[in-house]
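Below, subunit A partners subunit B and then partners subunit C, in two separate complexes.
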Partner chain A sequence: MKSLSQKRRHPLAVVALLVMGLLLTGALYSVASSANKAKADTGFSAADVTAGQKLFVANCATCHGMGAQGSPAAPSLVGVGAAAVDFQVGTGRMPMAANGPQAEQKPAQFNDTQTRQLAAYVASLGAGPSLPDPAMTDGQGDATHGGELFRVNCAMCHNAAAAGGALTRGKFAPPLAGVTAQHIYEAMETGPQNMPVFSDANISPEGKRDIITYLQTIEKQGSPGGAELGGLGPVSEGLFMWVAGLGVIIAFTIWLTSRTS
Partner chain B sequence: MGNPSDGAPQHGGTVATAGQAGGVFEDPGIPPHRLRLSDTDPKAAKRAERQVTALFIISVIGTVVFLVSYFAIDLGPTSTVDTIRTQNILLGLSTAFAMLGIGTGIVHWAKSLMPDHEVSEARHAVRNEDDRQAAVKIVDDIIEETGIKRRPLIRNTLIGALALAPLPALAVFGDLGPNATDILRHTMWAPNAQTGKKVRLTRDPDGTPIRAADVTIGSAFHVIPEGLNDLKENRNNEKAKAVVLLMRLNPEDLHISPGRETWSYNGIVAYSKICTHVGCPVALYEQQTHHLLCPCHQSTFDLTHECQVIFGPASRPLPQLPIEVDSDGYLVATSDFHEPVGPSYWEREYS
Partner chain C sequence: MSSTPTSYQPPTKVGRIAEFVDQRTGLSSVTREFGRKVFPDHWSFMFGEVALYSFVILLLSGTFLTFFFNPSMAETTYQGAYVPLRGMDMSVAYQSSLHISFEIRGGLFMRQLHHWAALLFVAAMSVHMLRVFFTGAFRKPREMNWVIGGVLLILGMAAGFTGYSLPDDLLSGNGLRIIDGVVMAIPVIGTWISMFLFGGEFPGTAIVGRLYVLHILLIPAMILGLVALHLIFVVVHKHTQYPGPGRNDRNVVGYPLGPVYAAKAGGFFFIVFGVLAAMAAAFTINPIWNYGPYDPSPVSAGTQPDWYIGWVDGALRLMPGVIGDIGGYRQHFEFMIFNQTLSLNILLPALVPAGIVFTVLFIYPWLERWITKDNREHHVLDRPRNAPTRTAIGMAGFTFYCVMWAAASSDLIATHFHVSLNDVTYWLRALFFVGPIIAFTVTKRIALGLQRKDREIALHGRETGRIVRLPHGEFIEVHAPVDEYKRYRLVAFESPLPLPAQPNAKGVVDRRERRRAKLSKWFFEDRVAPVSPAELEAAHAHGHHEAIESAPAGSGH
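Right, the complex of A and B next:
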């Protein structure tokens, strides 16, 4: 130790100290950022991320930019999380076919593995909502509580029977029948397009599970009244009554006033 | 064609004779009676009889099916939506057949079996000019005999009495129901009058308080005042006035007018959910365009410009609820709304 203390005035001592300081900072940063990363993309391997990056550069970077930092044509994807990618790509909304009022659902362009790799890459860019816990999308929650949450938070846009509805200037809230539980959960968590975000602080994961259970229940058991006519309320029911109801009345009127042969 | 008022029976066809001297329409008379199949063929009559009977029996079956499905289908605690659907369909169809069976049966009976000879009925006689003048004379005589023109004092006092007579009714109508002004001006958001404790914003329907940190950008919270779920009476009326939509935007997207600088918190804003048109809940929030759409009549409010109306029939912006954060980090309302929420009413502009 004596030799070390004697060398403290050596001209290279400052350089050595700087190198040591940089090494320490770098080590601490890599520990911290790997902790961050582990939180951001649980379950994704480095190979997933690499494969996802290749897919991203080939298919998404035209609009979202090479590093997913966004462009005038498309938003940045840093921090949107794996859930957003799984929803947008898994339902076929991304890649977008054309610019319009909103990206519409269409047959998915990527298979499950590719979707997962893309999600892994985007999740590696920054912490965001991760893929939902399968226990929260099993549809085994409380349908009654889910129905109450649905009527307060969702029914104004998606319709009380989850049949969807119109928004402003060509946008619309899609019907929810046939949407997988995982996609419903991800939509609530990430707020795709014009849908507001319903984070875990707003509707807890258990609440989301209840909503999914409610949606699956009403989809399975159907309407108590017979023909639903799309569940659209007065529009389809009124149309039916104007056409079929008035048609029957006119037919009876003709019969009443005709002469018997 | 003689005088139409002489009461002699007329066959229809000629409507007016004035100005048509010599050009009178020929009365075509009644077309020849055509016999029906059931009048000439006893087999056809028998067949029609059987058809009518069958329709009445269909009605009987419909009634029986209705009663059976109403009483025999058990809607106890174990029943499912399937059971309810089956019963609803059976009740609807059986009622339809019960009613239609009677109705169509009677009509078919009348059309095919009851006598169908044509009947011609004379038009009622029109009163003549003499009668009309006699009536005018009676009215004139009455006015003359009352002397109302010669005695203006009587006339004027009568007009005065008639004008004043409805006043008691007006006074009584004025007391119908309480004046709505105060009820509609205040909501549960006002801080406690004694302690000054401010009301927390809580989630609908659970009633759990909301931290500012919970409201991430792009979020929309449906909000009720703290304590609403504890109300024993008037809960729905209070909720209908106090419901609020809470959203967070980038603070630079908000265009805040002078005087409202302290009404929002880091881009978190709260607005009444009750449309200023006719009071529907405005809750269709588009988080990219920041439009709030009312589903009833498509009134659209621009959240970035303090909910100005940009489309539709609403005439006023949605009232904003001033909010801040309390010492525990929860969102609270600093005061009640500064104007009555919801649609216009008579006394709204007068306090």
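Right, the complex of A and C next:
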């Protein structure tokens, strides 16, 4: 130790100390923070994984490859996690019916058990986002905060009233009415199709819960002002006025100026 | 007025009251004069009335809203009835709009009534102007009233836009941001105007209060004044009428104002009110609670202005930001000139198409009068087919407008018809230039075709669809002659010939006159002559084509 203390005035001592300090902070942070941590799902049994592999080989491997390592037709699924599988397969987007600007939603091809088995298999390939904690999808969060997060993060594609919107070259953000809380959570976590990933560092699990709460609130409350005409804003309102409003008015003008001859 | 001391004593109480009022106001002579005013009857003449009634409804519902709206941009925290916004920081203006919607009894109904009435107001004005244009009702002596109508349309749009911006929700804030962008794109002075308008950096704390004053005071007062002037002109000029037997430029055929029209028009006010009230009660318009308070950071998908501003928004959407790759570099529509940014990508679409539409709209009556040298008064309208070039010009303008209008909803066209947003934009960009030309050609051909059909019917009667075989084996279709009243409509119109260049007072044909003659040729060269009495005579006497063709053709006047 004597030699070390003698070297304390060495020109590189500051650098060494800095490196040690940074390493220590980094290590402590990674221990303390669970954000951005990819974790392998542990909730699945080995039987789930085996059954899932069989389903995968029969239904998905044509494009995603035998070991889900990907092919020119489809990306690798190693590390996409159970959440991605549950969303894509659970909403019927996968298996994809046809190549297009983006995978379209359709009636789910697999039941809940099969979807879970597929998720178990893909989760076993590498660490990725796991299925959401049911406590985060219960819709008991803060709707006001969720609304604010929704307007700042989601409304530019999904529309302020969650009615959906257009993206470039045939891609689109779908309307969110009728989407289950779990699928919304998984979409935010995994960023399916053209959606960006909203990781836990970007929007915390509680924030996601608030967004889900907001969406459920506006869906449940209905439209306070009467029929909402698709919730699409001024275009549908203008169209309604020109077609229905002016149409009725014209019918009345014809009636008023008609003669019984 | 009736100051002569009469010994007349009305026998009834109502009569005595009427006599009392009349002796002091002279209303009976006004009623006598005004009540005998004759108005022709046609459904297409009622859109101006619809606009007027919508305006009255706007004043009534708007007054109700002013009782509760607070145009302040001071910050507050929402504690009202709408749960998904409770605890949210927002401006007092937005909070009071929510208060009107959720806590004031009938407030939401009144808000929706006001907004639906605003949409109908501008829509009725637009259809009214289309009717006036396509029937040629803007001709002498009504050119100035046409201009007043154009100004009213612009004021209606201004009233609508200032109102749209008041609730200070996300949608209206996005709209204001676009206006701010357009203002700032004005070279050199743009930034200063923006700062002046918003009282500092956008959005500031002044704009809602300023727009409020414009919306409830200045613009409605201007509209009211011009509406009064517009109506005075209608009385002075008398109403136009469609061509028909017994109708000419010196008379008006129709019902008197009192009692028939007074009852019809009065009743029609309540019909318009009723239709709007039914819409306000059953259909949501501008659900401000969905959009949340204005915050400059979020922009929602599906952000559009109300329909009447849509075409300007559409022009902005159509404008490409880059010219393309020229000389290996990407060329933009934004230039730096003397250290000033010239944003042509905003300036051109925001100002040029609207400038073209309104300039042509305002000068058109004078333009047509100059081309045709027609200085006569016109009180009998043209059927649109009988003025093919004018109708074609109108349809070209209408198409130009509609392409931009459609572009404002390009994103919804893309999602609802499952097409690519980019393709929608490319097609509309092409139609922006080609659409008016196609519309002009097609409309003109259709109008001429209809004229030929009219001619055919006037000469040979209506096709009955009854096929008869003659003894020698020939098949003919039996034509039923039209009655005289219907035939009058088919034959009584003007089809002027192109007017060649005329020498002026000095006996010189100047270049301006030659240009006019060229335009006159373009305007009138394609024509179908109305059936002349001689042709009709020939057709009726012989029923043979040869006879008609040998008869002298219609002279044109």
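Definition applied: the second predicted complex is superposed on the first by the 217 of 261 C-alpha atoms of A that agree within 3 Å, B and C clash if a C-alpha of one lies under 4 Å from a C-alpha of the other, contacts with A are read in each partner's own complex, and residues count from 1 in each chain.
Just so it is clear, a residue touches a chain if its C-beta (ideal position, glycine included) is under 8 Å from a C-beta of that chain, and two chains touch if they have at least 3 such contacts.
Just so it is clear, the model here is predicted, and its values are computed rather than measured.
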*Quick one: subunit B and subunit C on subunit A, clash or fit?*
clash
*Taking the superposition as given, does A:256 touch the first partner, subunit B, the second, subunit C, both, or neither?*
both
*Can A:152 be said to touch subunit B (first), subunit C (second), both, or neither?*
both
*Counting only touches as set out at the top, which of subunit B and subunit C does A:168 meet: first, second, both, neither?*
both
*Which partner, subunit B or subunit C, is in contact with more residues of subunit A?*
C
*Regarding the shared-chain residue A:222, is it in contact with subunit B (first), subunit C (second), both, or neither?*
first
*Which of subunit B and subunit C A:235 touches, first, second, both or neither*: second
_Quick one: is A:198 in contact with subunit B, with subunit C, with both, or with neither? Answer first, second, both or neither._
first
*Looking at subunit C, which part out of 152-160, 260-268, 494-502 or 512-520 clashes with subunit B after superposition?*
260-268
_Intersection of the subunit A residues that touch subunit B with those that touch subunit C_ = 148, 152, 156-157, 165, 167-169, 173, 221, 223-226, 256, 259
*subunit B touches which residues of subunit A in the complex?*
148-149, 152-153, 156-157, 165, 167-169, 171, 173, 191, 193-199, 201-202, 221-226, 255-256, 259-261
_Quick check: in the complex, which residue numbers of subunit A touch subunit C?_
101, 143-144, 146-148, 151-152, 155-161, 163-170, 172-173, 214, 217-218, 221, 223-229, 231-242, 244-246, 248-250, 252-254, 256-257, 259
*State the interface residues of subunit C toward subunit A in the complex, per the touch definition above.*
41-47, 50, 83-88, 101-102, 108, 112, 115-116, 119-120, 123-124, 127, 170-171, 264, 267-268, 271-272, 275-276, 279, 281-287, 289-292, 295, 297-307, 310, 408-412, 414-415, 418-422
*Residues on subunit B engaged by subunit A in the complex (per definition of touch)*: 34, 36-38, 80-82, 84-85, 88-89, 92, 107, 111-112, 116, 203-205, 211, 213-222, 247, 281, 283-289, 291, 293, 295, 298, 300, 311
